[in-house]
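In the two assemblies presented below, subunit A is common to both, partnered first by subunit B and then by subunit C.
Right, the complex of A and B next:
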């Protein structure tokens, strides 16, 4: 039983990471109809920024995190200007290709600046964790779960209780109508890019003490986060969270009880199963072509 | 003889072109092709391998190079992937002037490139430790590290002899390196009439090893034996092993004691044992190489096989007094008692140069030489 609980905790932790990255995907899909394949690179850049501030410049760890997240928000604007803005009237596919290109460019840029070395970085706490009975609670995993939950709550409050949130929602639902109502659609999309990059950066910073900082650190996580997004319901915020958590737990339990080498396969089998049986995902709406 | 302006110009042009050709001949270099990971997840290891190679080139060139020519490296990036390695080697294969190659430390990439290497038919010095690589019927492959049949024998000999432990949990990557290592351990345990209590494979680049750690915990093993390919994987496993309270003694393949893994895992690897092909305190050549490397790069090398590979290739070319591949091959095969950084090279008929391993222990991040186990059969 204690092994099962331990696995569920680890699964929740890794699932929360998928959920955070997936959330970044979903926001851009909703606001700008953009599938951003550079989302993983936001995470990698966030982690490298913290390496610069904390490991190299010796700035206070938490101040360094704040600074990294703010810079990532600014970077989101540059990213939008470079990859989305010139192609915004050309449909979804050119923008997707453009984000893939940006992702390759960012990886190589970081490789050029920092080199290929994998860098360790401190966690949020000095202690590795603590025991509850037979279960070891890793402080970093716990922090990831708590921060992910807090961000979901914050996002709910912003989207549902503030005027800015309503404007963002209106933009995501119908840009033309939102524009006619006087909502500055361009600014709303730019805010979403900034928030999505900040969120991606934070996910990278949180996962860095576990996976270390390297150019390829976000590769498999980004793919799983995208799978979580489909499982949860394409473009659904609660879906991204639950999809991520479900994926994390399923693959951890699957690895333990069925097969470790096929751990990655469970995530993608789950994706295939959903695409066949419930293509709209857990929370998605069934969308059909409008006549 | 009437010297016209035209004939004078022609003569001058002829002399000039001859001069240029003469200089070009004098500047001709002995080209050695190198397939190395410059980008991708194992690019860090590639950087150290290239640094070592360049030291070997400097040393050999100072001693006269190969056949009186200065040695020049032609490096292609394998992008840390099998398709990347095949592409990199095919680019090098097109260059007919290359006399020999330095291949990969990764068995999976050597397996991918081996058919093309057979077609090109020139000596390839490599570091991949999958024992089958030198038994493929490809006569051009020369290994500059002891293969996993030796690491497996040494590990089993060490845990059953010095440590007196018998219940083994075997953790391995499912790639060619990890699978080769697993097979070697299983075969050597069987020779001693032992069966492992757990055999657990994993795919490379895992963010979470808790299912593997819990499997070790519940297996009742008294020793962990591991074959990790990528250093971050080894470090993540080590930290989760300690976090989940597993204190079982651990003997691993060389990656467990590399500076990169130790830098990432820190105290989670203290007290662990490893087989190590390169240990700077194990012989004078290794010590001298490590001192030179440190003076130049301000860090310690974790391997010397590319250094040895280049020196042996140059020796093969010089001994055979030829760039004819078959003659170089025969010269390399006849090399005996050559003192390399990785140990004493005695090439056998299959192209394996080394036949033993060192055992080291991580004493609070200091790698101490413990013993050398050599086999002659």
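Right, the complex of A and C next:
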């Protein structure tokens, strides 16, 4: 039983990471109808930025995190300008392909600069954690869960209680109507890209001490964000969060009780199962095209 | 009819053997060239890679280029073929071709299952499920070491023997795979102009219009994906024999992306584009080798640049510049048989709708509407905005499921039939916001109508072309037969849509606000067209706001308001009905009326 609780706790920690990345992913789908295959690269870049600031330049850890997240937000704008902007009137597929191109480009640039080896990095706290009963609470995992929860809450407040949030929501629901009402749709979409990249970058930074920093982390994280998104319900914000958590827990339990090498397969098996049986996911709406 | 078989009718399905001599010649040249070319070692490998990849990329042309569905697992299907051949020949000592066949069958089966599970849903779902399939396959190939040899891969893959003739020599084997690549290219090229190929392109361009033109959208997508999986496995199986060594990383997610990029770079809607793209990207890394480690980054960046600057790919770029104006088709065609299905009796009920209801949550968009459309009449359905007219048509044509009620068409209950089956029963429609197949020519658009299952000409490709031209004649658009529909003006696209419906020789034609968006001249022309149709006795149901138009052509009018029928009868009676006047002009206030 204590084993089980221990695993659930770890699963929640990893799941919180998936939830954050998936959240950024969903926001782009809603704001700009962009299915971003480079979402995991945001996490990878965020983590490498912290490596540069902390491991290499020796800047204060927390200051380094802040700097990395801000740079990632700016990077989100560049990303939008390169992959989304020139193709925005050409439908979904060309943008998907160009984000795939961006993903290949970013991974290989990082590979070229830093090489293929994984880089270890310090966690947020000096202490490893503490014991509650028979469950060991790792401070990094706990921090991830707390920070993710706080961010979700903050985002909820911004979206529901502020004018900016209302404008962002209006943009995601009906761009034409929003622009007729005087909402600067382009700026809203750009804000979403910046936020999505910052969120992804932060997720990468938080998970870096656990997974270590490597080029390979990008692809895996992108794919997990997809899976979380389908499990939760395509385009659903609560779905992205719960889908991410569910995925993290299922994967951790599966790896422990069934098979370690196939750890990454559980996400995809869940994804397959959902697509076959309940394609609208946990929170999704049925999709239909208007005649 | 013989007048038609000239060069004007090139392309669409005219002669099944056209191109065969050239094909045989191409194969002979390729085989002889490969057999006796001095290509060895390095160059031999490059050629083998290009030929086998091309076969996989041609699969993507079908699923993505023709049918518009995203598949990101082509390397997985490639891998299934490769592993079938490798494990089959090395571990199980079975014949090369038998092993290849097993791989192809297995791959096709996987494609079928994945397709059946997801293609009922929207476009991105196939993309998602193929990614997961790709990942799981890579994990299995890497981790199921007892069966797949794991990350070490499989060595000493055999090359085939056929009737005692050995393909063991590199050049001989190259000749074999080049011949296969040529055949697959021709198959994919021919497919585009076939009925199935047209159906795929129609699904790509407009799923709704495809379904109401008698195309089984879901089935067509599944078939397209299935064929692409099969071609992937053929390419992979031949690849394994060519390189004699395979390992899981050759069939990873990244390789799927490479295959996808090859298709897009060359131009995904043409098999020749696929060849250009494949050869370019097989060579590009070789040419970029001086860049050392950055070359993949350059490669990624070029993918974006291609998408931005060469939307139709390299081949599309060349093709667009080479496209000459094709001469209009000349020659006589039999007139459009508008009355072909009507038989003797007129005024008998064709479409009978009883108590039809469609509710969206609490909103009763159509609320218990009954009406009867009689043979040979023009029946108008009018009503203010939001009165439920278009919803009514959508339920009748099967795009929406009815909440209640019954629809009988030519004596058959069609209430629960799928849209394409209603069309096959002879119910054709047009849309308020025109739905044509923009990537196809005018003639191809109308041929889709003509070849609806159940149409009298459907099984004769020549007659399909003739019928399509007759329909274009009727709307006076024959001169534009070979133009892309997307290049036409709005009004002309409307005529193409009407011609598409007419070519299917419908029992009943439903026109959803045909005058919407037309200018005054175009409206007059449309009125004349409708009068001509009426003169030929076609059964028509028309929805429109334009009272002038409706009064000119209607024999019978039904008026809807708030989803309910408020009047039904002869035009003069209905249009003077107080409820109808109130619905259109507003209710007179009580004290004023008093």
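The rule is simple: the second predicted complex is superposed on the first by the 286 of 291 C-alpha atoms of A that agree within 3 Å, B and C clash if a C-alpha of one lies under 4 Å from a C-alpha of the other, contacts with A are read in each partner's own complex, and residues count from 1 in each chain.
The working rule: a contact is a pair of C-beta atoms (placed from the backbone, for glycine too) under 8 Å apart; a residue touches a chain by one contact, two chains touch by 3 or more.
Everything numeric in this text was worked out from a predicted model, so none of it was measured.
Note on subunit A: of its two partners subunit C and subunit B, the one contacting more of its residues is C. Of the two partner chains placed by superposition, A:183 touches none, neither subunit B nor subunit C.
In the superposition on chain A, A:219 makes contact with both subunit B and subunit C. When the two complexes are overlaid on their common chain A, residue A:117 makes contact with subunit B while staying clear of subunit C. In the superposition on chain A, A:10 makes contact with subunit B only, while subunit C stays out of contact range. Judged by the touch definition given at the top, the superposed model places A:158 against neither subunit B nor subunit C. By the touch criterion defined above, A:264 lies against subunit B and subunit C together after alignment on the C-alpha atoms of chain A.
In the superposition on chain A, the residues of subunit A contacted by subunit B and by subunit C overlap at 108, 111, 219, 261, 264. Of all residues in subunit C, only 68, 70, 117-118, 121-125, 127-129, 131-133, 135-136, 139-140, 142-143, 207-208, 253-254, 257, 260-261, 264, 293-294, 296-297, 299-304, 307-308, 311, 390, 394, 399-400, 431 touch subunit A in the complex they form. Residues 38-41, 43-44, 46-47, 174, 200-203, 205-208, 210-212, 214-215, 217-218, 231-232, 235-236, 239, 242-245, 260, 263-264, 266 of subunit B touch subunit A in their complex. Subunit A makes touch with subunit B in their complex at residues 3, 6-7, 10, 13-14, 17, 108, 111, 115-118, 120, 128-129, 136, 138, 207, 210-212, 214, 216, 219-221, 252, 255-256, 260-261, 263-264. Every residue of subunit A that touches subunit C in the complex is listed here, in rising order: 35, 82-83, 86-87, 90, 92-94, 96-98, 100-109, 111-112, 219, 223, 226-227, 230, 234, 261-262, 264-265, 267-269, 271-272, 275-276, 279, 287, 289, 291.
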